[in-house]
Amino acid sequence: MTIDLAVDDKGQETDPEALIAVDNLTVSFPTDDGVVRAVRGVSYTVRTGQAMGIVGESGSGKSVSSLAIMGLLPKNARISGSVKFRGRELIGLDEGELAKVRGNRIAMIFQDPLTSLNPVYTVGYQIAEAIHAHHDVSKQAALDRAVELLGTIGIPYPEQRISNYPHELSGGMRQRVVIAIAMANNPDVIIADEPTTALDVTVQAQVLEALETARHETGAALILITHDLGVIAGHAERIAVMYAGKLVETGTTEEVFYRPRMPYTLGLLGSLPRLDQHTHERLTPIKGAPPSLLNLPPGCPFTPRCPLAEDICDAEEPELLATEGTGHAAACHFRNRMADADAAEVFGDAQEVVS
Amino acid sequence: MLETHDTVTEERTEAETGKPQVEREFTVKERGYWRMAGRRFLRHRAAVISLVVFILLVLFAFVGQRLWHYKWNGGFIDAQDINEAPSLKHPFGTDDKYDQMAEVMRGTQQSLKVAFMIAFFGTGAGAIWGVVSGFFGGVADSGLMRFADLILTIPPLALAAALAYQGGGKLWQIGIVLAAVSAPYVARVVRGVVLSLREREFIEAARALGATNVRIMFRHLLPNTTPVLIVNATLLIAAGILLETALSYVGFGIQPPDTSLGLLIVNAQGAVDTRPWLFYFPGIFIILIALTVNFIGDGLRDALDPRQTRERR
Amino acid sequence: MLVFVIRRVLISIPVLVASTILTFIIVKMTGDPLTYLKTRQPIPPPSVIHQQEQRLWLDRSWPAQYWHWISNVVLHNDWGPPVLGHDNVRTDVFHALAVTGRLVACSVAIALILAVLTGVISAVKQYSMTDYTTTFIGFVFLSMPTFWFAILLKEWGGIKFNEATGTHTFSTIDEPSSWVNPGQLLGHVLLPTIVLGLVGYAAWSRFTRASMLEVLNSDYVRLARSKGLKPHTVLVKHALRTALIPLTTVCALDIAALLSGAIVTENVFQWRGMGYLFLTSLRNRDFNIMLGWLLVAATLVILFNLIADLLYGVLDPRIRHA
């Protein structure tokens, strides 16, 4: 099911403006204990210039689905479904063809900047390399562009930084180098996979700002993957929530944040500590842990942890359907009931704790 | 090294939800570290086959001697049977005195004994050396490791030859000498592991609970080096067999009247052309031992310390 | 960088000194050099024995002997007299080193190139038939006693080949008389090079494979691919470049080991190098030669350790800046 304003609640994705169209993407990995179904039929589209956030816990399949777009999954991954970039199917393309798209039209930023950069080459070399891969320019020209890029994303003294090795820079600077590499060729899409998770909170803001600059400069669409709702809030127009390998809620950021239609999303929002609340309420965590992706029983995977679960939840996995005719879709049998639910009421005992 | 739990069971008590329970147990069994290692090992076809072959070799050498009616130092071979190629009567042929199968059995037995001695004492000494060095650090560590490096600067064969020179070439002497030559290597490896473990929280916790140094070293650090020790011990067995052979070649290994596989092939050098069975059989046995042990060691290494995720094809 | 180098060199010196002491003790443990004299029939008169003892400083205490030896070596470049004969110990040892050096250089060059090639191919095509076969062959080579294989090769590769072709292509004794003559070169060098290179090949190829596998799964290789670099660029410029770093260390140390450890191969093919020299001196209990030999061997190990460290610093900037 795609979420698009022009399509009905069970519609096919026929969005002509879709830059990236993921349709029924399924990824599984054979392991010793069985087949792990990391991604189970995910579909979404991203339009030009749009910023979409994908939120989920570890193991929800959010990273795997983006690696599938880039064709960077390990060899033993079994992929089915379709991922189209500007109408061109990416799954099944050979390495040579994919290499032309990667870093050029679709770029990716990974989680840990220390291990993402090659320790034996200078930062400048690695940025210039990205440029050389897709443009026939002189070495000097590429290095100049590298300096320019570093300056754009706010690294001071870029001319000196390009001769530094990755281990000589701080974590935040390294990640900005990775962003510079990603934006080097003015891609159409930037996929950022947990770009701030490995960094200190104080540095996160800087990096996110660099990301915004990158978007602004290149006009690229952004797929921002994270488990941190706070990161999403300021930087994505649309959100997709993933749980146990499937999308469980999609919509605009505002819709999903203020009127979540799926208990999991409600729980996520309710478990966030907030500095602006004056009443001393307990955090309401979601009890339990995400299911193992090896032997998913039938029914909704969130059922064991869901306070609203009923028999139908065990029996039938809910589909991602639009709620009340809007573009906001949720995968819950009771999506229409959820309108004014309160996390504290639903998930826990909302006792007031006197400080 | 600690337990890994793969179970995920989801249960809610009836009291919590007031609804009838749904048990959603996901059937992934809980397994301990050693069981998982065992499973991983069994998946290495080469290692498992090698283990079987190795056991057969050991049986051949130790048990076979009792069952085979010719003896390695006995007699009882008919005069006309000397220097004969392999036949039904003498499956490995004969030399000018004895039945070769008996010789190879005895040789294998002795070589295996030496190899096990090297592995056992070398690993043992090396482990204690490494743990003490790594644990205490500072000057003691520097000193002990410098000493190890020192020994390692001398070519092992030369060192072994020099040390074995004075001895009578008895099996246990050879074993000890070669073990001494191998220990520094194990010590270095073990020290490395200990250094990385030393700073871990469980050591701090043990200390906070009042454990003495000795206790920490032997109850906490040493057991965690077990995987490394096991792998290294198997490597030493293989290396030991080859080292023993080389030592025999230069004349400082096990001396007659006893025999070893190394000595057998050394004595058969000149006969490669004329009585090849004297040369090939012992050699093949050496290769078999070293090869099977190497594969087993490889399998053990993967089983006990899997760092890369193995794909399933 | 310079600081790094100097520091490493300075650390090596006390190790070298300690090594000489250990060397001395080991040689002393091999027994009395004059045994040949004392066990001769009829026993020579005590004056003759005493004269020899004086000449060789054997009548002094061990520390005095050690000091006498080491100070002569360091200050006067005099490595002491041999027990038998009048050869110059120093020239003997260095001559032997040169012989072995030539053999080792050939073996290492070939073994290294082959090892890297097969290691990389094995890693890239992990679990393929090629991988399994080369791994198995590598294991077999690792499990073969050197001299057994040497004799085998000498027999089948050399003697039988000569007989079959009626030529004297393969000479199984000694170095080539001329290193420029291809016939000589092939005949004398090929077989021992194969033998010596074998174990090195097996070990290095496994090591390269393991190193490559680890690197191929790393984050920076993934990033390199995501940049859209061509597959072979990723392989060579990113994967191989970092995977080879630990190999250089292993290789350097192995070369040092080979220089003093080619004892067996040299003996089988009758090259009068380090191995040959050591064995004869051990049998003759010619202690000054043994001392000189061990001194050179230990120095080589320390030297190559140093080279390995330096290479690592050159290749991996993280070490340089530490």
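All chains are identified by letter, namely A, B and C, in their written order; residue positions are counted from 1 within each chain.
Just so we're on the same page, contacts are C-beta pairs under 8 Å (C-beta built on N, C-alpha and C of every residue); 3 or more make two chains touch, one makes a residue touch a chain.
Computed from a prediction, not measured in an experiment: that's the story for all the values here.
Centrality by Cα centroid goes to chain B.
In this assembly, the chain whose C-alpha centre lies farthest from subunit C is A. Centroids built from CA atoms put subunit B at 49 Å from subunit A.
One simple way to say how far apart two chains are is to compare their mean CA positions; for subunit B and subunit C this gives 25 Å. Subunit C has its Cα centroid 55 Å from the Cα centroid of subunit A.
The set of subunit C residues that touch two or more partner chains is empty.
Multi-chain contact residues of subunit B (touching two or more other chains): 311, 313. Multi-chain contact residues of subunit A (touching two or more other chains) are absent.
Of all residues in subunit B, only 46, 146, 149-159, 161-163, 165-166, 238, 242, 245-246, 249-251, 262, 265-266, 269, 272-273, 279, 283, 286-287, 289-291, 294-295, 298, 307-308, 311, 313 touch subunit C in the complex they form. Subunit C contributes residues 15, 18-19, 22-23, 26-27, 29-31, 127, 136, 139-140, 142-148, 151-152, 155, 159, 213-214, 217, 257, 260-261, 263-264, 267, 278-279, 282-283, 290, 293-294, 297-298, 301-302 to its touches with subunit B in the complex. Note for the complex: subunit C touches subunit A at residues 218-220, 222-231, 233, 238, 241-242, 245, 315-318, 321. Across the complex, subunit A meets subunit C through its residues 70, 72, 95-96, 99-104, 107-108, 110, 112, 115-120, 129-130, 133-134, 165, 167-168, 178, 181.
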